[in-house]
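In what follows, chain A forms one complex with chain B and a second complex with chain C.
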Partner chain A sequence: MNWTLALPEILLAVSGLVILLACVIPKQDTSYGGSMAVIGSLLGAAVLVMMQDEGTAFSGQYIADPFGRFMKLLCLAGAAATLLLAIDFNEREKLARFEFPLLALFATTGMMVMISANDLMAVYIGLELLSLPLYVIAAFNRDSGRSAEAGLKYFVLGALASGLLLYGTTLVYGFAGSTNFDKLAEAFGPGQSVSAGVVVGLVFVIAGMAFKASAVPFHMWTPDVYEGAPTPVTAFFAAAPKVAAIALLVRVLTGPFADLSDQWQQVLLLISAASMLLGSFAAIGQRNIKRLMAYSSIGHVGYALMGLAVDTDVGVRGVLVYMAIYLVMNIGTFAVLVSMRRQGKSVELIDDLAGLGKTHPGTAMWMAVFMFSMAGVPPLAGFFGKLYVFLAAMQAGYLWLALIGVGTSVIGGYYYLRIIKVMYFDSTEQPLDAATPGVGLVMAGSGLFNVLFILWPAPLIGAAQLAVAALVG
Partner chain B sequence: MIAALAFYAFAFVLVASAVMVVTARNPVHSVLFLILAFFNASALFLLIGAEFLAMILVIVYVGAVAVLFLFVVMMLDIDFARLREGFQRYAPVGAVIGGILFLELVLVLAGWRFTDMAADLRLAPNPVGAVSNTAALGRVLYTDYVFLFQAAGLILLVAMIGAIVLTHRERVGTRRQVIADQVGRTGSVVLQNVAIGAGVSPGSILRPPPKDAPKAVEHHDTHGGHH
Partner chain C sequence: MFVGAIFFPLLGAFISGFFGRLLGDKVAQWTTVLCMVLAAVCGVSAFMQVAMGGHPETIVLLRWMDVGGLQVNWALRYDTLSVVMVAMVTFISTLIHLYSVGYMSHDHTIPRFFAYLSLFTFMMLMLVTADNLAQLFFGWEGVGLASYLLIGYWYEKDSANKAAMKAFIVNRVGDLFFMLGLALTFLTFGSIEFPVIFAAVAQHTNDTYLGINSIELIGVLLFLGACGKSAQLGLHTWLPDAMEGPTPVSALIHAATMVTAGVFLMARMSPIMEYAPTALMIVTVVGASTALFAATIGCVQNDIKRIIAYSTCSQLGYMFFAIGVGAYQVAIFHLFTHAFFKALLFLGAGSVIHAMSDEQDIRKMGGIWTKIPVTYLVMWIGNLALAGIPLFAGYYSKDAILEAAFAAHSGVGTYAFVCGIIAAFLTAFYSWRLLFLTFHGKPRADHHTMEHVHESPAVMLVPLLLLSVGAVLTGYVFAPYFIGELEHDFWHGAIFNGAHNHIMHAMHEVPEWVALAPTVVGVAGIALAFVFYMLAPALPRALANGLRPIYLFLLNKWYFDELYDFLFVRPAMWLARVFWKVGDAKLIDGMPNGAAALAADVGRGAVRLQTGRVANYAFVMLIGVVIFVSLFLYSLFKGA
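What follows is the complex of A and B.
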């Protein structure tokens, strides 16, 4: 048994237990030390992921490959960055308890298990290990009714989604006789007849995973949960778990079900188009910026899934590049949102950004960069993300899907540009407080990535290419 | 013969108690019937030789889930009469959805058969006749499936942390027992020779000498509030 292959996961789990003990025993507040220790172990796991060998372990339940490495690094970076944003916010909002980073750590462990899953059981266990901490941290501000509502809504709908996934898994297992991805791929391979039961199971599995990625029509929880949860928690939700869910969809659909692409492609085409449309239209009327970001993230998932829906290597590479760029844009935007406070009190309306261009030109400049990038304005990274998936869709002959993508990007441009307009052209009597240095650092880092991506895109594209080659080859 | 008789007996009681779960007016009775149904189902599992499933059903479902249900039913003030109000109105819709699901199940089961290679596909087949189911499960659970087993353990840990995070509050003014303080306490308890038959003071508790008395009472309070 080649257990050392799973060292990153083992490191995360063990350091989670150690941090839990070390933080529970002292009588004083240990939240800062806990956060730092968690960020440290996330970085340690990232180093281990980079040094990881390739192969399968634990009787084929665990797989380590370049695809997993790419996605795991994204998740670890996303989780670490959003935890960094949370430290200051939680202290000011009196939410500073060590359980928050710890639960995020366990959620990240779940993401790693999901991404490395080579067995439907590992998929389910990983998904639950991801979901359970998320339900809790959504309700982390337990004295706030909205936060509790967010946690409860997420929990009930998430339990339903888990049920769907399990139902699909049992159907697939019942008809194929195995939960192992390699054996499933064999059972559904060319020349094998596939019964309706497998297709029903496959659709249920897709539904369960699409819920986690908050793709239409499984998006209903997203706006309420994003709005109700504390801002750093929303940032966490929008970053790493989404990447992990998309990674899982890619892994499952291009792995065991690769030869059933006739069946799942139509489902994904529909999900992708519907997500793009809803994400852009529903966001127009929003006044709360966290709610706006929820709809925006639904739209982004639609763009990313476009690459998977067209079912080509180029398309899947587009998904990977898109998720990487989405992650960085999102972390940057949420760094701005986390720093939005007036006289020490957190605010979250779009109108609260008024006058930011005059009072805090630095923050406003980065926010403008993120908004332009999200809208897909050419020199910035967000444009390239969209470019790759649109090109893949057109090459595969899905011109209508690419046209929907372009159309919804234009509509999306309206509400992204409106934020820039509010920042630079509206005036306010009460300026926002200045961002703290740590948050400013995250802003500047992701802002620079967005601006400079055009100069040196090769490493990201190359890594994505390598990951896709491992997946389909 | 006896096995067949036992099967029909258990199956009958199982179905009957399942019907009673839904129809019983008193929710506590519903839960008790549910427990009866679980016991009968586990007996059915025993009959087909799945002793591990039988044990799990009793331990997990009766021992934990059903008891939790009982707690919820008894502690929450749920007006079950009001919950049932819409039954007439929703029955047709429910029947249609139930019918569709039933049809789907029939269709799925009708198309279901073991493939020729089903036996080869089993990931962890039980060596025939060598060990019991429980022993075979134990063999693979901690070896082949240790990864999933440990991950499942982490999920339970997270659930525990979550429950504590969301509900535990550090209350002010709670009185906790500090045994060291109780043992180390001096001066508040005295041994006194009382005249036989005279009894003690009207409060029936013999207090320390008057000059110590106020101090002793205060002492007692600080101890009570100490954590």
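What follows is the complex of A and C.
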């Protein structure tokens, strides 16, 4: 058994246990050290991921390939960046406990397992390993009713989604005789008849995964949880797990179920269109910026899934590029949100951003960059993300889907630009506090990525191309 | 040298326009003047080499367009026709730059003015040295733009803004015809490069477009384009209003150079025009009518600059009917001499206005000739040249035009001759009316103004004196070259006269009385003006009252503005209002506004689903699963 293939996951799991021990024993507060240790092990895992061989392990349950490498690096980077944002916030909000980074670490391990899963059972294990820590950190601010409510809602609905996924898995197993992706691919291969049971099972599996990606109609938890959870937790939710969920959808649908694409394509088209529409329309009336970001993320998932729904190589490549860009601009935006505090107290209404253009021009500038990028204004990175998926949709003949995408981008432009308008044209008597250096660093880093992407897009596109080749070829 | 003549003004415009604020007024304006001096030196030496030395040359700068069958270069075509214009434009423009240093000294945005002025000069030079119709059109539009900017230079004045817009819009009408002519040229010849077109004209004489002879149609279209720029009857209404601009602008653009671009275009296209006899007839009739029409209006106007403006309009008419009878050389000669004496008159008028504390109404002047003797002198010289009194520049060119018209021995030629003679009489009359009312008689200005009457500074007087020299000498010196015995060597084929066209020869063999007539009517006009405004000042008023309808008709400029207002402006305003109120406000604004309102409503509806109850959320999820499963099964069974 070639267990060394899974070294990154093993490293994360082991270091998680070690850090847990190291943090529990001392009497004093160990949250800062814990955070740093977790970030360190995330980076270590990233290095291991880059050095990883290709192949399968654990009786074909686990697969390592360029696609997994691409997605895992995104997840690790996203998790590390959001933890960096959390340190300072948690300290000021008196939430600084070492459990937070540790739970994030375990959740990240779950994502890695999901991404590398080559069997429906491994999918389930990874998903649960991701979900359980997320339920807890959603309710991490124990003294806040809203946070507790968020955790509980997420848990109930998440359990339902897990149930759907498991039920789908059993159906698939019952009708196809296996849960292994390679065997499933053979069973559904060309010339094989497809039974209704498998198809129903597939719908349930998609539903379970779409829940994690918060795609319509499995998105209902998103606004409440995003709003209720502490801001760094929301940032974490919006970044890494979403990438992992999309990665899983891509792997499952283009892997074992690739030959059933006639069936799942229609579902994905509907999910994509509905997500884009809801994401743009429902965000219009929002006043809480975290809630707005929830709807925004639903919309972005819709755009990303457009690439998967059209089921072409170019489309899937578009998904990967889109998720990478989404991750970076999302982290940047949340860096701004995390730094939103007035006289030491965290605030989260859009109107609280008023006058930011005058009081903190640097922060306001980066926020404007992120908003323009999210709205898809050239020459920022967000534009290219959208461009690739729209192009793919049009090449595959789904002009109507691309048109919906363009239409919802226009509507989305309204609420992104409203934030810019509030920052620069509204005035306030009480300015926000300045951002801390660590947060500023994350802001500037992701901001520069958005601005400079146009100059050097080749590495990202190339890596995505490689990942797609591994997946389909 | 050839390139320098064209691009020094651009350099000056660039420096003054973009760095004027940095350099300060003084440096910026003198930089442009220096650039113009260099350009003039280049221009004059180019004239010596090309026209006098007989070495035409074409310099290709860059390939501009290469689209399908259309290939256009940026090129400088230096033949006698263009080099005459280059020398004249650079020389006069330099003097006017110099004059402006004094005239505009109290202005607040001096670099802007000089940048515009130099930009105009560059565009005019591009126009005249063009080797193809596209580059010519570039210069054509460029001078239009510069003219617009300079008429509206004092943009805080409402009337200046309106005049600028009027000039631009009326010119656009002409430009439309120019563009049509350009397109038809390309359609007919497959090229818009002059050498290609001119060589191919003879083969295309029988081509038709829409049942009309193509060459004729091109000729008419280009002429209509020229009408706009050269303020010929029908499209002349912008020129008098353009006097809202600073006086040096009027002198440079609206007298000496830009307005003559139409005449230049006709001469440039002489190889085509020679094959378009009908078009030439139209040119003759319109030109002759304009000459007479503008002269009649000039007799009753009271604004010193407007009188000269109508006089310009009238003189342009002369040039056009000279073209019409086939005497292109004579037209260009008149253009050349006219540039000197008309610029002189305008600058002289500017000097008067300067002296009279910005008063322009000649009824409020008078009795100032002793106070500003130099200005008085140069105005005399300018008027003598304009009226065509022997030995002065205008005499040679205007006489030649009238002789050519007579020698054409055609119906339209005779019409032009008669109009020209009457207009010559009127020209002399209104010129001396202006002179007498402005300088002689009792002072009619208020005491305060009269105290401040002063001669202009040297920087303004030097250009005036130089132009006076030109107004006196250019006719005598250059007549042999332009229209005399040296004509053939001088033009070097830059202008084409058809095989049947002997006008250049015939015009020298007209009866004695024809040659004398212009001088006689000119002197008669001066005499009449003397009687009216010096001997019996009550007479004009009595005459105006006696012939009130005619007086009002002339005073209101034949009601052209009112007619256009009724025919074009009002319907256009009405149509625009309909488009604005219905098309724009209701339809175009309505759609996004409605869509925005709809989006907001949909958004409210979408949010309403978000109740906060977990049970509802789970319900939505399950409904989703049910829908998807049904969809799956439906397609599965349909497929089976």
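To be clear about the criterion, the second predicted complex is superposed on the first by the 473 of 473 C-alpha atoms of A that agree within 3 Å, B and C clash if a C-alpha of one lies under 4 Å from a C-alpha of the other, contacts with A are read in each partner's own complex, and residues count from 1 in each chain.
Just so we're on the same page, a residue touches a chain if its C-beta (ideal position, glycine included) is under 8 Å from a C-beta of that chain, and two chains touch if they have at least 3 such contacts.
Bear in mind the structure is a predicted one, so any value in this text is a computation, not a measurement.
By the document's definition of touching, neither partner reaches A:A86: not chain B, not chain C. Once the two complexes are overlaid on the shared chain, A:V321 sits clear of chain B and of chain C alike.
When the two structures are aligned on the shared chain, A:Y135 is found in touch with chain B, with no touch to chain C. Of the two partner chains, chain B is the only one that A:A6 touches; chain C does not reach it. In the superposed model, A:A196 makes contact with both chain B and chain C. Contact with chain C, but none with chain B, is seen for A:V267 once the two complexes are overlaid on the shared chain. Once the two complexes are overlaid on the shared chain, A:L164 sits against chain C while remaining clear of chain B.
The wider contact with chain A, measured as residues touched, comes from B rather than the other of chain B and chain C.
Contact with neither chain B nor chain C is seen for A:V172 once the two complexes are overlaid on the shared chain. Overlap of the chain B and chain C interfaces on chain A comprises residues 196, 200.
Partner chain B is touched in their complex by these residues of chain A: 1, 3, 6, 13, 16-17, 20, 57-59, 61-62, 97, 99, 102-103, 106, 109, 113, 119, 121-122, 125-126, 128-129, 132-133, 135-136, 139-140, 142, 151, 171, 174-180, 183, 187, 195-197, 200.
Residues 596, 599-600, 602-607, 609-610, 612, 614, 616-618, 620-621, 623-625, 628-629, 631-633, 635-636, 639 of chain C are the ones that touch chain A when the two sit in their complex. Put simply, chain A touches chain C in their complex at residues 152-153, 156-157, 160-161, 164, 194, 196, 199-200, 202-204, 206-207, 211, 216-218, 220-221, 223-224, 262-263, 266-267, 270, 278, 281-286, 411, 414. Residues 104, 107-108, 111-112, 114-115, 117-118, 121-123, 143-148, 150-152, 154-155, 157-159, 161-162, 164-166 of chain B touch chain A in their complex.
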